[in-house]
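Below: a set of structures, written as structure tokens.
First chain A sits with chain B, and in the next complex the same chain sits with chain C.
So, the complex of A and B:
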């Protein structure tokens, strides 16, 4: 398995076209970039970016996914070649989703992965905390999440699992402010999660990073031959990538950590956001590019997976997890095992 | 692996100029132009052999000259850049 690159185009009015075996990005009269297609596994465009049809045909042929996002990073459309999925695996997935015991076990695993990773974020914050009272609060947060983890096996239906997940998320985000450097807390004051629309800067940043991770998890489900719309933890709803959302749970804390380091290292500032009427806060154009660069760099970081001996780039982890999910669905393994970090 | 492709194509004749354009096209499809007739290509073994085959199909051995260098991977220390051109790292973040 190789981590091929993804090209992100955020420049408005850029024009993407096929030139020989390369993808060419033009802005006005000048060529900004030429990339040979064999380097790419995906192309993601934000907002008003244009593409030629020959390029679309070629991307479909080479199984390079094309994802169109709106200017705020919200998913709009995807172009996929014909070789998506394995019907036997998808049939197995549909049978398994109807099997209550399996759905419950998988939902447990997804939520456990998320809570464990979130707990590590808090504990790491506690280790780095400057004041004793903050350290104590973060440690208490870590203990609360540990309690949620212990309660999880007792949840005997999906609604209880979802309830525990929501409760854990609330406890986690209640401590989130303490993870921000004290001198940055005014600018990035955080008062719980808000979305659609995000109502403060940190929420805008988190929403943006989550949607990029979800997009990657969705692509990973499709690459593994799974149906991204049929999940175990998440209820199916038209247009909702429920399985990708199941998969993304364990990766959310990675997005959180990236958001925190962008803020704490001053790679992102208040000027990166615009406030709309009605209280919505959105990322401003250039900042999106910086965040995508940071996200792409973070994905190169290799981490140890508990099942494998060698370190794997974080960017490949959704693919690895989607394949583990496929194996669990086929019954080749005991159940789904989420990716957790130490 | 990183491959450096350099070529000299005899452009005295019309066919020569045609060959030059076609050789450049093959190189462009696989890597990036770093100097007038020098290309850097980040490829795997299969793509490397494919590139070589396609180049050999274009050049005229009695008049032209083609050199392919294969660089050992030494953690990104293969190339030093000076002057006006900066190559794109196709493995780094591609964000525009």
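So, the complex of A and C:
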């Protein structure tokens, strides 16, 4: 399996067109970039980016997915050719979602993946902590998450699972400030998760990274032939990609780690954000581009998966997991196994 | 009652290679290109254009649609040569060299059975043309091959009707398979390993 590139276009008013077998990005009169189509698995545009219909036809033909996001990275639309989608699998997915035991087992697995990976973030922070008291607090956080993990199999309905998940998230984020370098804590202070809109810089950064991961998970569900809107842990709501949200849970700690390294390595700064009247905090245009670049680089990193012999690039992991989800739904395996980072 | 959709002749070859590959392609509509399939496509671009010509008293027809209502098969022949007496003689184009296993013969036999039903003439021979060696090899359509086509078609039909994928083989075949990533043979071939990992999911490793 080859990790092909996703082209992210964040420049407002860029125009994308087909030029023989390449995609050409123009801004005004300038050609900024030419990419051969066979190097691409997807094109993602943020906000006001234009593209030609011949390009759209060709992308559909080559099964290169086109995803339109708004300027803040929220999903707007997707174009895909006739290749994917599988009625038998979707039918099985709908049956499984109505099967309480299966839905509960899958929800347990998704949350367990998230908690395990989140716990690794805290334990790593503990190993790198500068002070004894911070180390102790982070370890205590790790213990709290371990307790939530152990409690999961005993959760006998979905609301209880969601409650445990929420509690684990609170415990985790309560320690999040300790993962930020002390000299960066004035600029990046975390006081609980806020979204729609995010109300501090860290939340703005996390929201942006989560929405890119969710977008990748949604694309992965669709590529695997699954219905991204019907989940097991997440409640169905119009327009909500519930299955992509189930799948993204285990990947959120990877977004968190990227956010932390962007802050701790000073790759983003207070100038990367704009604060709107009333307190909403948004990412500034150039910062979005830098984050997308960092995200793309991180996706090249190959990690060991417990079920495969070879290390797999992080960017392919959502697709690997979506296919495992499809297999679990089809009854080929005894349940969904999340990707767990050691 | 709705009659079942005919099985594509190409499915026989896929089934013979790996039943799971066959089901992935025809049941889950999965298709990924790799080097082998890309070579096959390039070769078939030449023979896939419908047309006919006459050479040495033989009418040569390309990309001819084929079917058998009796077996519920349908497909297309790369080339069918109609001998001067009207007997059809199917020729199947293959990239590479002659392969060890008998998938190609099976496909040719299925074509012959279709041509018999369509023309009412008996087809006792066809040929495989290997683009790699540019060699043409005649194949007798004998009773063993005919029986293999019948058995294989029946097995495919019952798998398709059940709508379930056969388990992965996870052997040397997988290395050459374009559907390896979708199939996940490594991950699924050892259910025991998966079961253990699932069972330990809620345990804390220190």
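One rule holds for everything that comes next: the second predicted complex is superposed on the first by the 342 of 342 C-alpha atoms of A that agree within 3 Å, B and C clash if a C-alpha of one lies under 4 Å from a C-alpha of the other, contacts with A are read in each partner's own complex, and residues count from 1 in each chain.
Definition applied: a contact is a pair of C-beta atoms (placed from the backbone, for glycine too) under 8 Å apart; a residue touches a chain by one contact, two chains touch by 3 or more.
Quick caveat: nothing in here was measured; it's all calculated off a predicted structure.
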Going by the contact rule set out at the top, does A:242 touch chain B (first), chain C (second), both, or neither?
neither
Where does A:20 make contact in the superposed view: on chain B (first), on chain C (second), on both, or on neither?
first
Taking the superposition as given, does A:164 touch the first partner, chain B, the second, chain C, both, or neither?
neither
Could you look at A:217 and tell me whether it touches chain B, chain C, both or neither (first, second, both, neither)?
neither
Who contacts more of chain A, chain B or chain C?
C
One more residue to check, A:296. First (chain B), second (chain C), both or neither?
first
Now for A:324: first (chain B), second (chain C), both, or neither, which partner does it touch?
second
Could you tell me if A:152 is touching chain B, chain C, both of them or neither one (first, second, both, neither)?
second
Jot down the residues of chain A that show up as touching in both complexes, chain B in one and chain C in the other.
none
Within their complex, state which residues of chain A touch chain C.
1, 83, 86, 88-89, 108-109, 112-113, 116, 119, 146, 149-150, 152-153, 225, 306-309, 320, 323-324, 327, 330-335, 337-338, 340
In the complex with chain A, residue positions of chain C that touch it:
27-29, 31, 163-165, 167, 180-182, 184, 186-188, 191, 193-195, 197-198, 201-204
Mind listing the chain B positions that touch chain A in their complex?
25, 28-32, 41-43, 47, 88, 90-96
Footprint of chain B on chain A - complex, ascending:
5-11, 14, 19-22, 25, 32-36, 38-39, 289, 292-293, 296-297
